[in-house]
Amino acid sequence: MERDRFLTRVGQATLSSVLPAPPRVAPGLPELADIDLIALFRTRAHEVNAVIHGPVSRHGVPRAVVGIAAGHEASNFLAWDHLPAPGVSSALQSAGLDRLDHEIGGGSPRLERNLSYLGLDVGVTGTTAGLAESGSVVLVHGSGRPRMASIAPEVHIALLDVATISRTLAHWAHENPRFAADTTNLVLVTGPSRTGDIEQQLNLGVHGPRHVHVVMIR
Amino acid sequence: MSEPVTFLSRAEALIGSHEAQAVESGIRNFLVRREHAFDVFPIGEELRDRTRAIRLHALANLDRLLGHFADKLGEAGGQVHWAADAVEARQIAADILKRSDAKLVVKSKSMVSEEIEINEHLEEEGMTVLETDLGEFIVQLAGDTPSHIIAPVMHMTAQDVGRLFAEKLGVPYTDDPYELNRIAREHLRESFLRADAGISGVNLAVAESGSVILVTNEGNGRYTTTAPRVHIALMGMERIVSRWEDASVVLETLARSATGQHQSVYTNVITGPRKETDPDGPDELHVIVIDNGRSDILGGDTAEILACIRCGACLNACPVFRTAGGHAYGTVYSGPVGSIVTPGLYGMEPWWELPYASTLCGACEEVCPVRIQIPKMLLQLREKAAAEGRLPAWLERGISRYGRTVSDPQKWASAKKWASRLSAPISSDGWIGRLPGPGRGWTQSRDLRRPAKESFNEWWRKNRGT
Amino acid sequence: MEGPQVQLFVTCLVDSLAPEVGRATLSALEKAGCTVEFPVEQGCCGQPAFNVGLVDDARTMAAHTLDVLDETEGPVVVPSGSCAAMIAHHYSALFVGSRREEQATRVANRVWELTQFLVDDLDSSLSASCGGCKVAYHYSCHGLRELGLDHQADRLLSDTDRTELAGDKECCGFGGLFSVEMPAVSTAIMDAKLDRIVASGADTLVAGDVSCLMHMEGGLRRRGSEITVRHIAELLGDPQ
């Protein structure tokens, strides 16, 4: 059906509908008392089975990441080009891990590049923010920041600047109202992939990463 | 042997079954986890009012929001298609997939995709469609249908799944849920990466930016909307809010109400296909906006049901759902919300019965995060069914006679005396063990109090009357 | 002590099937200091018809109820949450836009459920007793969710030996005509409820609605159970 006809039908329906009046709510969000956001983030992230490291200084990040990768006996990784701390990718390569390519084109058709992720051990990403109430990190994708880095690997390592931790998603969105509009793809990651579909028993690592490590940076 | 065709006959077949017991125990787990989910959140109770305000506002301005959504998505490089009904929606999806020469299609969970029955259609067109949500994957493998909006295989045990995987995937039998998950992960991994197209639902669309939001826990939603070249998002037209800030409030509510989590594992906000400079993501994003009867609901008495955010809380709270399970409803949308949506989308024939599959206890409205007045709408649909003459004759006549009798003091007094006299021969010790006709429904499992020899009214007149 | 004069609306079920509950309600109100009137022409609030969608029949019964109660003054006390809610909340919708609209509102504003009246209005010190019995209390759905009834019964029962009843705010499965229209489902919900009542170790089941009670009592009898079933009025009033 063409757009105009479709929307006209909807418009007519709203005219004859008996929707109740919406409740009155105060604009904005209620003020919350100040709390230790880092401590809350740590607690909630732990509850969803993410592993929290640090806070470390920017210079300490490469060593922390190499340590995590070694702990999982990783042999390869996929990393964002622009990370909140320098030297991470080179440190991983020095430690003997292969760095996978992520660019579409440049000689690597989609299928070939996709299949190269089959044995992907580690993905390293930055973050734009942390959300304390849920222990979530916000990833904004774009040039040099592939989505696959947090989808395909067994282990996802996310680098989080503690100054960017907000209380809740609603509060963060309130402070950053343009975020959806200005990005192609944004994801909140709240711990490792999980399912309770079989007998409501929680299990991790269904399709997405089995392990999520958040390295906090001060 | 013919299929049972009423809620009651389906329920009778399911009650006490292995499936029903699995559902009941599954729900108890949900309820425990959900119990404090809102208390813990700093603006918990207020969240429900905010969510209701956002959703009602969106419905009242639906045409405007949808138009804005389409404009913005177009600016971001996405394509919007408008499907008046299920047939159109299937056709549009099939055409998109044929144009891009898609053979293997991966799907992440979408109620609306089941509503329009897209899988069968695409398979007729020669494509392979793979469900990738663990529960939906299991259901597809078993040739079954989901029994709960949030937990599709609530009706199966781990042993059931283990047997299924051993038979259909040729793997050694195991009933360890962790191992079963890993088997599914390995089996589906390559399919994600090889697929030509991914189909998803839309949990929430955002008008101001043209974004679609997908909420999942497993990660298959991200795979299906990132790895293949084409992403088709099927959107029930009412699943929209005005602004990103509004969406964030609804997202706070959704995970908490559905499963007691603070957030789902993956909340994906997608605004168009990949840009030239994006290293990955689909080249094409198509959103198919689907009406399929929603504008009829919107224009009628039960418009409020469209505010539903599909959290499943009403299902878990409903004693009828807990007892009979989702399959008793015989349709995609079950439980209290399904009892209103289904007759709205598909008409009163034969779905008039669903609003009667309720004790009107009100637990659904009590838990609904959008404060939807479910019992009120169930009563409205019952009034409609009665006006259409769908009630059995014995009930209509019986109630009519009762109404006239009880509203006439002399007739009422006389009727009570008669009832007491008539019940004497079939009572023992003040109780009736067996009634004929419709009364059999009562006495098959309960005794019935016998009408008193002396009513309260009579006693009052004798002892207190002036 | 001169208390208020109240009108007793016993409900059709109490009148015809459980008159002892009516007498107990009368006694409880008198013990709490009230003078009780009983408009003898009363019948049914119309809920059985309303709940199945037969609104014209519901209006017939509701109109009669309104006329009977409108001839009187003072609070109208009802020993049933569902009937009280029917009059207090649903009558206005039944008669909206009709000549009875104002009457419906007027009468609705006078209606109280029994425990609500005793606790919230009279702040009575009346206390339930049952000679040392162990009480399991079931919160009937309409009273609980439409009228917000819970703390009232809790207070009235505070001197009794109350057992913990799992799922005490969950439906018993009666649902009006649902009990005979969908008997297998009604029975299954009832069975789950009765299992929990038995498991609570109570010897007495108490609730505020005869509809729920006769359904659960009927099921308990069928099981051969020795559990006594009482309306809360019977623990408040003296036997007459």
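Note that the chains are named A, B and C in the order they appear, and that numbering of residues resets to 1 at the start of each chain.
Criterion: contacts are C-beta pairs under 8 Å (C-beta built on N, C-alpha and C of every residue); 3 or more make two chains touch, one makes a residue touch a chain.
All values reported here derive from a predicted model rather than from experimental measurement.
Interchain contacts link the chains end to end along an open line, per the touch definition above. When the interfaces B-C and A-B are ranked by how many C-beta pairs touch across them, A-B comes first. Among the remaining chains, the Cα-based centre furthest from that of subunit B is the centre of C. Distance from the subunit A centre to the subunit C centre is 54 Å, each centre being the mean of its Cα atoms.
Taking the mean of the C-alpha atoms as each chain's centre, subunit B and subunit C sit 32 Å apart.
Centres computed as Cα averages put subunit A at a distance of 29 Å from subunit B. The touching residues of subunit B, counted against subunit C in their complex, run 7-8, 11-12, 15-16, 319-320, 323-324, 356-363, 365-366, 379, 381-387, 391, 395-396, 399-400, 402-404, 406-409, 412, 416, 419, 431, 438-439, 441-442, 444-452, 454-457, 459-461, 464-465.
Residues of subunit A that touch subunit B in their complex: 1-3, 6-25, 29-30, 32, 44, 48, 102-104, 110-111, 113-115, 117-118, 131, 133-136, 141-148, 150-152, 167-170, 172-174, 177-181, 183-201, 203, 205-209.
Subunit B meets subunit A in the complex at residues 22, 25-26, 29-30, 41-43, 46, 49-50, 52-53, 56-57, 59-63, 66-67, 70, 72, 76, 80, 82-84, 88, 132-135, 138, 151-154, 156-158, 161, 177-178, 180-182, 184-185, 188-190, 192-194, 206, 208-209, 211, 217-220, 222-223, 226-227, 229, 237, 243-245, 247-249, 251-252, 259, 261-275, 277-281, 289, 291, 295-296, 298-301, 303-304, 371, 373. Interface residues of subunit C, counted against subunit B in their complex, comprise 10, 12, 14-19, 22-23, 38, 40-44, 46, 48-55, 57-58, 60-61, 63-64, 141-142, 144-146, 170-171, 173-192, 214-215, 217-219, 221-222.
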